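Just dropping this structure here.
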Amino acid sequence: MILSQQTLGIRAEQILEAQDLTKMFGGVKAQDKISFAIEKGIVCGLIGPNGAGKTTLFNMITGIYRPDAGKVVFNGKDIRKMPVHRLVKAGVARTFQHVELFSSMTLLENIMVGMHVRTKAGFWAAVTRIPAMKKEERQSRRRAEELLEFTDLAADAHKMAGDLPAGRQKTAQIARALASEPLLLLLDEPAAGLNPVETHALGKLIQKIKQSGITMMLVEHDMSLVMGISDKVVVLDQGKKLAEGTPRQIQRNEAVMSAYLGNG
Amino acid sequence: MQEIVQYLFSGITTGAVYAVIAVGLSMLYSSTELINFAHGEFVMIGALAMVTLWVRLGLPLPVAVAGAVAAGCMLGLVFERFAIRTARNPEPITLIIITVGAGIFLKGAAMIVWGKDPFSMPSFSSHESIEIFGAALLPQSIWIVTAALVLAGGIHLFLKKTITGKAMVACAVNKKAAWLSGIPSEKMGVLAFGISAGCGAVAGIFIAPITMSSYDMGTILGLKGFCAAMIGGLGSLWGAFAGGLLLGILESLGAGLISSGLKDAIAFVLLLLILYIRPGGLFAAKEAKRF
Amino acid sequence: MLKIKNLRCCYGNIAVVHTVSLSVRQGELISIIGANGAGKSTLLAAVCGLLKNWSGEIEFKGHALKGMSAPAIVRQGISMVPEGRQIFSPLSVMDNLKMGAYTRFRREGKIRVAQDLDRVVQMFPILKERSAQLAGTLSGGEQQMLAIGRALMAHPTLLVLDEPSMGLAPKIVEMIFSTIQDLSQSGVTILLVEQNARAALKISDRGYVLETGKMVLQGSADELLVDDDVKRAYLGKDYGDFLDERNQ
Amino acid sequence: ADVYKIGGIFSVTGRASFLGDPEKKTMEMMVEQINAAGGIDGHMLEAVIYDSEGDPAKAVSAVNKLIHKDQVIAIIGPSTTPTTLAIVNFTKRAKVPLISCAAGIKITTPVDPWVFKTAQSDLLAVAAVYQQMKTAGIKKIGILTVSNAYGESGKKQLLSQAEEFGIQVILNESFGAKDTDTTPQLAKIKAAGPDAIVCWGTNPGPAVVAKNAKQLKIDIPLYQSHGVGSPKFIELAQDAANGNILPTGKILVTSLLDDSDPQKKVLEDYQKAYENKYSGNVSGFGGYAFDAVNLLAGALKGSGGDKEKIRDNLEATKNYVGATGEFNFTTQDHNGLSPAAFVMVEIQNGTWTLLK
Amino acid sequence: MTDKNKYLWIEYLIFACAVSTFGLVTENTYYLQIMTFIGINTLLGLGLNMLMGYTGQVSLGHAAFYGIGAYTTAILSGTYGLNPWLALVCAVAAAVLIAFVVGLPTLRLSGYYLAMGTLGFGMIINIVIREWDNVTGGASGFVGIPVLEAGSIVFMSGASYYFLVWGIVLAAMIICRRLLASRTGRALRAIHDGENAAVAIGINTHLLKLEIFMFSAALGAVAGFLYAHFVLFISPESFGFMFSIKIVTMVVIGGMASVWGALLGAAVLTLLPEVLHGFAEYEMIIFGLILMLVMIFMPQGLTQGIMDMIRTARRAKA
C-alpha cells in the first residue's frame, strides 16, 4: 500500500539536518552541539546509553522541546519555530517510548485520529453531514482498516486501546503515526517489551515501511534489530555525538563498545 | 496615605483568612490530588463548634479550640471513610461532585443543629484595636496571620521533610506504586483528610470573632480559599499563603481605591491575569512529566 | 515459599489467566516467559495484591494471600518492580528510593536504610548523580533503574521483577542480570518475567512458559533453553538476520 | 364546605431565611388559629407552603406547582423582591391574587390589579430616616449598601430622596452580603468626612459594619435600615450596636408604645401567640405574613372562593390595623401603608429606645 | 461508534415520539413547565458535556453564558424592542464572541487551573450584570421581557413553550451527536485521553478547545434565551457560581461523555428539588446525600449505572 502520498514530493536530498543542537535542563546538558544529517529513504539507528539524550533529540525534532541553540532543517525548511501540528502536517511523525495511546478510544479510532492532519472536515461539515464529509469519513475508515491490516492489528480493531497488552500498544503507535502520512517517522524504542520473535516481526514491519519511501529514525537498545535494519547509525553519549557510520563501522568502534555495548 | 495603610491592614486580615483556608485545601491536594469543595463547610463547622463550646458552654479557650479542631478532624475522618473511600474506581471529577454533595449535606446538617441565624463571638484577646500610622489593626488579625503562617510552615515541613509526609505525596501521585512500596494508602488518605479538615476548623475558629458565623458561611469562604490556592500554585503551602494574602489585599485595595461594588471583579481580573502569565500559579510546581 | 494453585484472573468478566499453578521454593530464581498479552503481568499483579479479581489459591510462606491488601503483602516480604513507569514522578530520585524502604524506617531505623541506600546508588551511579532531579524527568532507562533500586530498598525475601531489562542499554542489561544473579545467590528468592528469554533462562533455575493465560510448559532452565518449541516461539533467530535479507 | 387552599412561598432556607422562616411559621400559626375559630364562612383553610430558597428559578417552579397542581386560590409571599418579580408574571397570567411580603417598590409600582404587598416599601423607610436626619441637622452623608436587591433598592431611594430633605450623599459604597470585613469602605467614607453614615443591609452584614466602624473609631452617627430590625442585630454587633439608629415597624418596640396606639394590642397578641408556639423571638418580618394572612382572610369572607372576588375585596380593604401598620388599599396603592408605619429607634445599652 | 450511527435516527424518532406524546397527553401546566425547565437545563448540560465530558476541560463558569444569553435577549428585546428571534441571534453571537475572547487565554490553562479560570470568569460576568444596573436592572432583576411569538403562535407557558424547547433540545442533540461522530469529535476525545499526545500527533488542541468552548457557550446562550422568555424575569442570582456547579453536577450525575447523560442529569437535578419539597428542613441533607450516594455507587453516572444494574439483573435471572 502507499503509506504516504507525500514521499513522492520530497525536495531535499537530505530529509533531516540537525546543526549544533543544544539543550540544557537545569545544569544538565542533555544535548551538546549535535549535528547530523539523514538522507531520504534510509533507516537511521540512534543508539546510546540510558540518558544519553536520544528521546530529547526526538522531542526537539518533533517540536515538543525548543532547542537552546542550533537548528533543525526538515525537508529544506527550518522547523525550529513551527508549532507541532504544522510540523506533523509537514510530515514528521513519531512514537513514544512510553506508550501514549488514547486509552478510552478503540484502536480503530486511534488510527483515525492519527489522520487528523490529513483530513479537513470541520465543524459545519460535521453538523450538516455534507457528502464530502461523509466521503472523507469513509475513506479514513477504510485507510485505518488497511493500516491495521498492514501492521497486523486488524483483530484488535474494536478493542479499547488501553486494554491491549503492552506489545500490541507499541505496534499500534506505529500504525497511528503512519496514519498521518509522514515523510519522516521517529520510532522511540519500539521493540522494548517485545520478545525476540515479536521483535523480528517488528523488523519486518519497519522494512515494509521503508520500502514505501518513508525515512525513519530508530532509537533502540536491541542491537540485533538496530544493526540489522539500519543503513546508518548515530551514537550519542552524555549529550554528545560519539560516532556515526554504517552498522559495521559502529560495531567495530572501540569507544562505542566500551560506552554502550559492554563486553557481551 | 492613612487609608492605604488601612486598606492594607484590612486586606491582610481577610487575606490571612483566605490563606488558612487555602492551606487546608492545598495540603489535601498535595496528599490526595483532590480538591475538596466541602472545605468551606469544615471552616463553618469549626466556627460553629467554637460558638457552642466557648460561648455557650463556657469552656476555657484552649479546651474549646482543641474541641472544635477535634470535631473538624473527626468529621474529616468520617467523610473520608464513608464517602471518599467507598467510591468505586473514582475519577477526580466524580470525587469532586462527592465533595460538593458532602458540602450541601454538612450545610443542611448545620442548619438543623445550629439554626439559621448567625452568631457572633468575642475576640480571643483584648478588644481594643491597635493603631499604626493612624490605621486600626485588630488583635484578632494578628492571631489569624500567625495561624496562617504556622499552619503553612508546619505542613510544608511535614510534607517535605518527614517520611510520612512524603509517603502521603507518593500515594497521591501513584497509588499503585505506593502500594508496591508498602505504603498503606488508606491510612494516608485518612490522615490527609483529618489534617485538612482540622486546618479548615482552625480557620473557622480564628475567623469567628471577626465575622459572623452561620451555617451558610462556608461556601463563599471555600470558594475564595480555592482561588487563593490556585493563584499560589496547587500543592505549594507557601503558595497558598501568598495567594490568600494577595487575594485579600487585591479585594481590599479594589474596594478602597476603585469601587467597592466591583471589588470581587477587580480581584478576579487580576488573578486571571496572573494565571495567564504563570499558568501553574505563583509557586508552580516543576513539571514532572515528559515524553 | 510461593505456591500458586489454579489461579484464574479476570478483568471485568474476561478471564485472562486460567488455572495456572506454579511454585517457587526458597532461594530459587524462576523465570516466566510468554508472548505479548499472555498474562504474565496479570499473574504478577495478582501475587502482589494489585489485582483483586482472582480466584484460586496463592500462598506465601504458608499464609494465604487472598484478601490481603498490597501494602500488607509488601510487609510480608514481597517486593515488585512493576511494568512501565510506576515511579513517583514529582518526588526526587532520592525520595523515590526512600519510599521503597517505607515499611522499614520504623522497624529497622534510619541507619540500616541509609546503608542500603548506599548499596543501591553504588549499583546505579547515575541515580546518585541525579538524586535531586524529579523522577518524572529521568530518561526511560533511568526510570527503570530507579524502579529496580526502589524495590531493592524494601529488602524483600521474594523479589518479583516484571521485565526489568525493558528500555535499558545492553551494558546495563548485562549488569542487571548479573545483579539478579548475585541477589539470588545471596539468598533472595526471585520471580522474573522477561522478554529477553534467553538471558533470563540462562541465569534461572527453573522456568515456566505462559501462553494465552495457560501454563503450557515448565522445566529446568537448561531444558527450556534447548526445547524446540520454546526456541521457535520465544528465543527467535539470531543476530544479523535482517542484514542478510537486506544484502540479498 | 370544602376547604380554601391558599399558597405560600417563602425563603425558608438560604440567604433570606431570616425573612422566610418567621413568615412561614406565622402563616402556619395563623391558619391554625383561623381554623380553630371555625374557618371562614365555614370553609377551613389549608396552607400549602413551598421554600424558594431565595432563588427566582425555584420560586417560579413553586408558583407553578401552587397554581396548577395545588390549585390554590391566593398566594402569600415570596419573601424577597427578585423572587416576587420572578413569579408575578405567572400569577397575573393565572389571575391568582398575590400578597407579597417583600419590600421592593417595583412590586407595586406600577400597580397591577393582582399584586399586593404588606411589607413597608423602602421608600417609606428612607423617608423616615431622612426625616430624622433633618431634625438632627445632618447635611452630608455617606452610604454603604449591601450588593443585593435589598441594598440596591435602598440605595436608589437614598439617592433619589436626598435632595427633597436637603441632604447630600457624598459617597456611596457597597459590600457583599457575606463579606467578613468592610473596613476599606468605612475608611474611605471616614476620609470623606460626612456627618453620618447610612448602612442598608440585612443581617449579618450590617453587624460587621457596626463592629468595623467601632474599630475604626468612627464617631459620627450610624444609621441602619429596617432590615436589621430584630434582636439578633444587637446580639451580633454586641456593644458596637449602641448608638445605631434605625427605622422599624412598631413590633420591635411594642412595650414602649403608647397605650393609645391602635397597633399595640394587635402586636401584643401576635407576639404572645408566636412566642407560645415557637421558641425564639418574634421579628418584624413575621409581621408581614401576619398581615398578609389577615388581609387575605378578610378578603375571603363572602368571596365563595372566587379569585376575582377575593381580589376585589382585597383592593377594597380599608383601615385594617395590622402588625406592620394601618393598611388602606386603593386601586392606585397596593401597599396601602403610610409613613406612620415606621418609628425611629436607637439602640442604647443593648436595647431599643424610641426616638421622637 | 460509526457503525451505530446508522441507526441513530431510530433513537431520535423514539425520543421525539415520547416527547410529543407527553406534550400532547399532559394537560397539567405544572408538569409541562417542569419538563420545559428540564429541556432548558438539558441544553446547558449538552453544551458543558461537550466541553467537559468529551474534551475533559472542566468549566466552573458555564452559567455565565446562560446569563449572557438571557440578558442579551432581555436587553435587546425588552429595552430596545428588537424582535426576540433577532435577539436570539445576537445573544448567541455575544456568547460566542465572549467565549472566544475569554477562551483564548483561559483555555491554555489545564485541570484545576482551568476550573479556577472559568470560575473567575463566571464571577466577573455575574458581578458585571449586578453592577451595571441601569442596563441590566442590577440585583433586583430585569422586568419587562416580551413574550415570544412566531406568526400566530404565542409561546406562553404551557404546551407551546414545551414543544419549542424540546424541539431545540432534539436539534441540539443531533448536532452534538454528529459533531462527536466526526473527525472533530475524535480529536476532542483524544484531547480528553491525553492532551500531550494529541498535540504530538498534530492536533491543534488549543484551537479545537476554543471551538468547542464557543460551541458550548452558544448552547448556553440559547438556553438563557429560552429561560428569559419563559420566566419573563431574570436576576443575577440565577446565573451565579452555584448554578455553574449545578450544571457540572448535572453532567456528572447523568454520565459524562454521553448525550443521554446530559438529559438524565438535567431531569434528575430539576426533579429532585420538586420531590424533596416535602422534606422541608431536611431537603438539603437529603439532596447532598443523594448526590454523594449516586457518585459513590455509580461513579460513571446514572446512564452507565442504570445500564449496569439492568445487566446484572438480567444475568441474575439467567
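Labels for the chains are A, B, C, D and E, by order of writing; each one numbers its residues from 1.
Following the convention adopted for this analysis, a residue touches a chain if its C-beta (ideal position, glycine included) is under 8 Å from a C-beta of that chain, and two chains touch if they have at least 3 such contacts.
Predicted model only: the values in this text are computed from it and were never measured.
> If you walk from chain to touching chain, how few steps can bring you from subunit A to subunit C?
1
> Shortest hop count from subunit A to subunit D along touching chains?
Each step joins two touching chains, and the minimum needed here is 2.
> Between B-C and B-E, which chain pair shares more contacting C-beta pairs?
Higher contact count goes to B-E.
> Looking at C-alpha means, what's the farthest chain from subunit B?
Looking at centroid distances, A is the chain farthest away.
> Centroid of subunit B to centroid of subunit E, CA atoms only: how many Å?
Centre separation, subunit B to subunit E: 31 Å.
> Just give me the whole-number Å value for how far the CA centre of subunit D lies from that of subunit E.
36
> Please compute the C-alpha centroid of subunit A, do the same for subunit B, then give the distance between them in whole Å.
Roughly 47 Å separates the two chain centres.
> Identify all positions of subunit A at which a residue touches two or more other chains, and write them in rising order.
Counting only residues that touch two or more other chains, subunit A contributes 55, 64, 96-98, 100.
> I need the residues of subunit D touching at least two other chains; which ones are they?
13, 147
> Scan subunit B for residues touching two or more other chains and write them down.
111, 261, 264, 289-291
> Would you mind writing out the residues of subunit B in touch with subunit E in their complex?
29, 35, 37, 83, 86-91, 93-95, 97-98, 100-109, 111-112, 219, 223, 226-227, 230-231, 234, 259, 261-262, 264-265, 268-269, 271-272, 275-276, 279-281, 289, 291
> Please output the residues of subunit D touching subunit B within their complex, sorted ascending.
Spelled out, the residues of subunit D in touch with subunit B are 13-15, 17-18, 21, 147, 173-176, 178, 180-181, 183-185, 187-188, 191, 203-204, 207-208, 211, 215-217, 232, 235-238.
> Sort out for me which residues of subunit C touch subunit A in the complex.
It comes out as residues 11, 33, 35-38, 41, 83-85, 126, 133, 137-142, 144-145, 163, 166-175, 195-198, 232-243, 245-246.
> Hey, which residues of subunit C end up touching subunit B in the complex?
On the subunit C side, the touching residues are 48-50, 69-71, 74-75, 79-80, 82, 86-91, 95, 98-100, 102-103, 105, 134-137, 150-151, 154.
> Going by the contact rule at the top, pick out the subunit A residues touching subunit E in the complex.
The touching residues are 62, 64, 83-85, 87-89, 93-94, 96, 100-106, 109, 112-117, 119, 121-123, 125-127, 129, 133, 136-137, 140-141, 176-177, 180.
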